[in-house]
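Please go over the structures that come below.
The following pair of complexes shares a single chain, chain A, combined with chain B in the former and chain C in the latter.
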Partner chain A sequence: MTTQNKKGTRRAFAAVYPSWFYLPAAIIFGILFLFPTFASLFFSLTRWTLFKYSFIGLDNFRQFFSEPFLVWGLINTLIYAVVTSGSKVVLGMLLGILLTSNVMMRGLLRAIVFFPVLVSTIGVGITFTMLMHPTNGLINDVIAVFGIKGPAWLTDPRFALLSVAFVDVWKGVGLATVIYIAGIVSIPAEYYEAAKMDGANALQRFWNVTLPLARPATVTVIILSLIGGLRSFDLIWAMTKGGPGFTTDVVASVIYKQYQSGFYGLSTAGNVVLFVLVAAIVVPLSFVLNRREVEA
Partner chain B sequence: MTAKKLRYYATGILSLAIACIVFVVPFLFIIVNALKDKPEAARLHFSWPTETHMWANLIAVIEARDYMLITAFVNSIILTVVAVTGLVVFGAMVGFVLQRRPSRWSGLINFMVLAGLIMPPAVVPTIWLLQWLGLFKTLSGLILIEIAYSLSFSVLLFRAFIATIPRELDEAAILEGAGPFTLFFRVVLPLLKPVAVTVIVVQSVAIFNDFTNPLYYLPGSKNATVQLTLFNYQSMFNTSYNLLFMNILIITIPPLIMFLFFNRQIVEGMTAGAVKG
Partner chain C sequence: MTHAISRRLLVAAAAGSALALSFASSAFAEVKLTFLVDNAPATVKASEALAAAFHAKNPDITVEVESRPGGGEGDNIVKTRLATGEMTDVFMYNTGSLFHALNPQQNMLDLTDESYQSDIMDTFKSVVSENGKIYGAPFRTTMGGGVLYNKKIYAELGLKVPKTWAEFMQNNAVIKEKTKAAPVIQTFKDTWTSQLFFLGDFYNVLQAAPTFPDDFTANKAKFATTPAAMKGFEHQAEVFKAGFLNEDFGSASYDDGLRMVSTGEGAHYPMLTFAIGNLFENYKDNLDDVGFFALPGDDAANNGLTVWVGEGVYGYAQTEHPDEAKKFMAFVASKDGCDVQTEAIGALGPYMTKSCTLPEDVPSPTKDLVSYFAEGGKNAPALEFLSPVKGPALEQITVEIGSGIRSPIDGAKLYDEDVRKQALQLDLPGWE
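Moving on to the complex of A and B:
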């Protein structure tokens, strides 16, 4: 009787919430995202012209880890992701605190900081390429006022990657800020009042109340900007195209360059390296960060 | 009291000044240079143009390369509207059943949603597949790609919102004799308006600004989307900076309009999408 009832409910459930509602999404996602992902595991082991392929084992990967310009792409990707993610955490938190405090024209300030998030990455990249022009650029003009000769931001190998990372932070810090704003606003005011009663000064209140209780926001910003940083392509492409030399090449730009040159197998191997990289960094990290949150 | 007030104004003005220098000056730089003539813009100075050439530049940008910007705008708008419609309807359908009927598939589906959010897509195999399907270099192909890549975000937001709609409503509708189709499209979907607006504005800005996917899946100047038009004016020796900046200005207008009208939804949507992901 009970089993029959249960079966009946389940059937009624299926009638009201039918599985075929998954179908359109599942077909599009399955065919255009999942299938190519699995196919890439195979094609990364081949020399491939899109029409013909020959199986060459791990040769593509061996090449990926031995050719200096491909290895550089890997190292640059890590540097870029860590630098942008770290800067967005620090600046996003500071801006979040400023923009939740009782500051003049708060709404306007929030809008100004957030707006670049919505602007075309390519447009931003091109504009900053002009602003960073070594002799005519506005940035170096301003620095020159203080009597310092600014470097060639995008053509000097020592600065190029960090200059692009700076623009990434400029464009993306608004998103980190609004995530922090949401996190800080949700901290109950009693904690601050209690801390004030105990005689904690502003710095102590930040260290003992805001920082630990805004932790979910920090975790979100770290994870989100790491994913974005590891995958980033369009800004780098708009500003340096990987140059000078290979000093700003990242895995995503290597994938594009190899694709353009017709090395489809190698390009796909790059893709496999990229998702192993993203998964190997993001999955354990979010696991660790979220677990510590539960313990605390 | 006065000291406090002084500090209030001092920090306020200081923050505003820094925000303007860091975040507003680059936009002003775009505007003033979009108004200059070619030789003056080439100097890349941050100064008011000696003579404004707004109309001339505007017309030159629109006419460039056989009205490519117009074609690109039409392409981008079709792409954005159709893809976002698909994202709303299909995403809401998944979010609805996923939230209402937990089953042994739920775990797998949740895993897929997260994978779609984190994993970079495999580019060349996708091109190979699109060619095989006859969808490579077609707008329909790119529309399906944009839907596939953004579904996860849409599902997450819809599922979270549907959890706040009481089940009793479904039951009442069923008792009235509604089938699943009527229940979803006539009863539930209209209630999803707030979150649907969020998905629509966030995704339309993202898809309109997308550069990478059109670059890979819709190459060729006939098919250009707006982001690709920015490469029209860059050549090694003879870049028309005034037209380049005018072009940037024009394609920034749609996101700006979205921002002015839907500031709150965009900020909420991006925050919610980020936190839930």
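Moving on to the complex of A and C:
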């Protein structure tokens, strides 16, 4: 669809309803979205105790960027987003291929891979916290059968962030798989037949047919999981609360802790920063990915 | 036609129910108060016992106990409810630095002229007052921050309660060599438990640097540059480095810690003595195997305890029933109130009401605690009662120091930064 087209449709809609028809939605939008957005921009410039506030200009932003754990939080956020997003693309693609093949009980298997998506994140977090307990968790018990002493998954700073990322992938890969299934199913069978006629083997068919033609699915999965990873909070909070110490802090958990400590202005400034950060990464990315799609 | 009938019916029904409502409220002139407390089992039990005993004395007032999480999450709930005008009639909250952050003059009932004030110790009044007005009534007992230890292990190995840090480390070495027990228990799943080596050392800090609290509040003294104030961080790092911790220190919880120290899986657990209430609740059979001592410093002759004044009960300024709320607070602060609490959760320490007494047969750790308040015992308040400045990230910093992720000096510098934010938020002079 070209931009020309989009403009055309928008103008057509504008003529359909009189302006009072938009009023209810506009009021809801104003109260629930517009007002809080501007209020938060304002309060990010104040020192705010909920009982009173004083205007301090950009001091909160200066403070936020000089937070010693913020740098770590930013690095962790990026690592977490890239690792989870990348794993979801690769695993989702492989599972998508498996579950569009003529495998037995395909419907059931598809349901099973999607099941973790439906479970509450906090519940998953608490369950895995128990499974990953260093001395009496199931995972290390199983590893111990082979005579290996498993690490402290969530409390060793070397493993903690990746352990949480692993659980995030387990929980989220179902959605990626479903998107890939839809993408792969929509590829016309003729392409595969033609490729076979040309003598392409399985790997070549995957590389030259499935991969490029499932591109829209890949774009969707990357963008969705990257946004999810950048603003991830619930799973990390349920499993490590940013710990041990600050080692699994991400931007969102830094902001939450500031809010908890009563630094309301500062944490609001943090949210403004997070908003800008997510937008700065995702908008260009989506632009680049979508443009290539048009060119292809 | 149908229209008219249904409307008439509707009006009649509405009038009827309005009548019924007004009748109900005039027939039962009963007042219901809500009391917000933290959700630690011992707190809830003591609060419910107080509510029941108060109702028995005042049948026209019912007190309903509502619980909320503790720690930072609880602070947040209390602040938000105050700011949005949704606070309960009476609520429990910390005294000292956290109390000041609630803006008491605007949010709390003034209790200065209550008749029971002469029966309350000055120590308590000073930590629930602002600009000469008293806002809180004492709830529960004074606590000590020190070390809960397993007396059976001490008896078996013939160890003596340490009076200096060096003796403490020696005891740990003996325990490590001769038993399977962990010499020192740490439970970083509940991050707040990691702060005791640091916060509980404040009696010793005060002996070496008596002006530290005032200088610290005025931004003239820093932890990183005050050697005495660094000791707590350094001790915590030493214990980790020596390999004295329980294997699962990173994922063990507060309750695990209590189990370990009471059953002898571990020997020492740095903790606040309110834990005696949880021991009483969950490990009653082992309670008398547990003892308590102050965190030792360098000087055996000057060994003393860091003390936390107990929580306060506060009345919400905008409650619809200020008189009943004050009546309830008066009951909590009375000798009867103390006795009800002692019966519900055991005798945990000295009460802040002068007429309150402890029974003869207090649990073993309480006996040790009380000795620091008796003739010849030494104690001093924790820093949070001498300075309004307390950094919110301390528990993460002590977790890092206690698990070898960060060095003590780095941790101290980080904490000095953290504290600055709080001082700015409180608008204290000398900070920017």
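As a convention for this text, the second predicted complex is superposed on the first by the 273 of 296 C-alpha atoms of A that agree within 3 Å, B and C clash if a C-alpha of one lies under 4 Å from a C-alpha of the other, contacts with A are read in each partner's own complex, and residues count from 1 in each chain.
Keep this in mind: a residue touches a chain if its C-beta (ideal position, glycine included) is under 8 Å from a C-beta of that chain, and two chains touch if they have at least 3 such contacts.
Please read these numbers as outputs of a predicted model, since none were measured by experiment.
In the superposition on chain A, A:L154 contacts chain C only, with no contact to chain B.
When the shared chain is aligned, chain B comes close enough to touch A:I122, but chain C does not.
In the superposition on chain A, contact is made by A:P68 with chain C only, not with chain B. Residue by residue along chain A, chain B and chain C are tallied for touches, and B comes out ahead.
Using the contact criterion defined above for the overlaid structures, shared-chain residue A:Y259 touches chain B and also reaches chain C. Contacts of A:A25 after superposition on the shared chain: chain B is touched, whereas chain C is not. In the superposition on chain A, A:L50 contacts both chain B and chain C. With both structures placed on the common chain, the touch criterion links A:F246 to chain C but leaves chain B unconnected. Within the superposed three-chain model, A:H133 lies in touch with chain B and with chain C [touch as defined at top].
When both complexes are aligned on chain A by C-alpha atoms, chain A residues 50, 133, 136, 259 touch chain B in the first and chain C in the second.
Here chain C touches chain A in the complex through residues 72-73, 75-76, 79-80, 82-83, 101, 103, 106-107, 188, 191, 247-251, 392-393, 396-397, 399-400, 403, 405-406, 414, 417, 421-422, 424-425, 427, going by the rule given at the top.
Within the complex formed with chain B, the residues of chain A that make contact are 13-19, 21-22, 24-25, 28-29, 31-37, 39-40, 43, 48, 50, 98, 102-105, 108-109, 111-124, 126-128, 130-131, 133, 136-138, 141, 170, 175, 178-179, 182, 216-217, 220-221, 224, 227, 230-231, 233-234, 237-238, 252, 255-256, 259, 264, 267-268, 271-272, 274-275, 278-279, 282-283. Across the interface of their complex, chain C is touched by residues 47, 49-51, 54, 63, 68-69, 129, 133-136, 152, 154-157, 241-247, 257, 259-263, 266 of chain A.
Residue ranges on chain B touching chain A, taken from their complex, read 8-9, 11-13, 15-16, 19-20, 22-26, 29-30, 43-46, 86, 89-91, 93-94, 96-98, 100-101, 105, 109, 112, 116, 118-129, 131, 144-145, 147-149, 151, 155, 170, 174, 180, 183-184, 205, 209, 211-212, 215-216, 226-227, 230, 234, 241, 244-245, 248, 251-252, 255-256, 258-259, 263, 266-267, 270-271, 274-275, 277.
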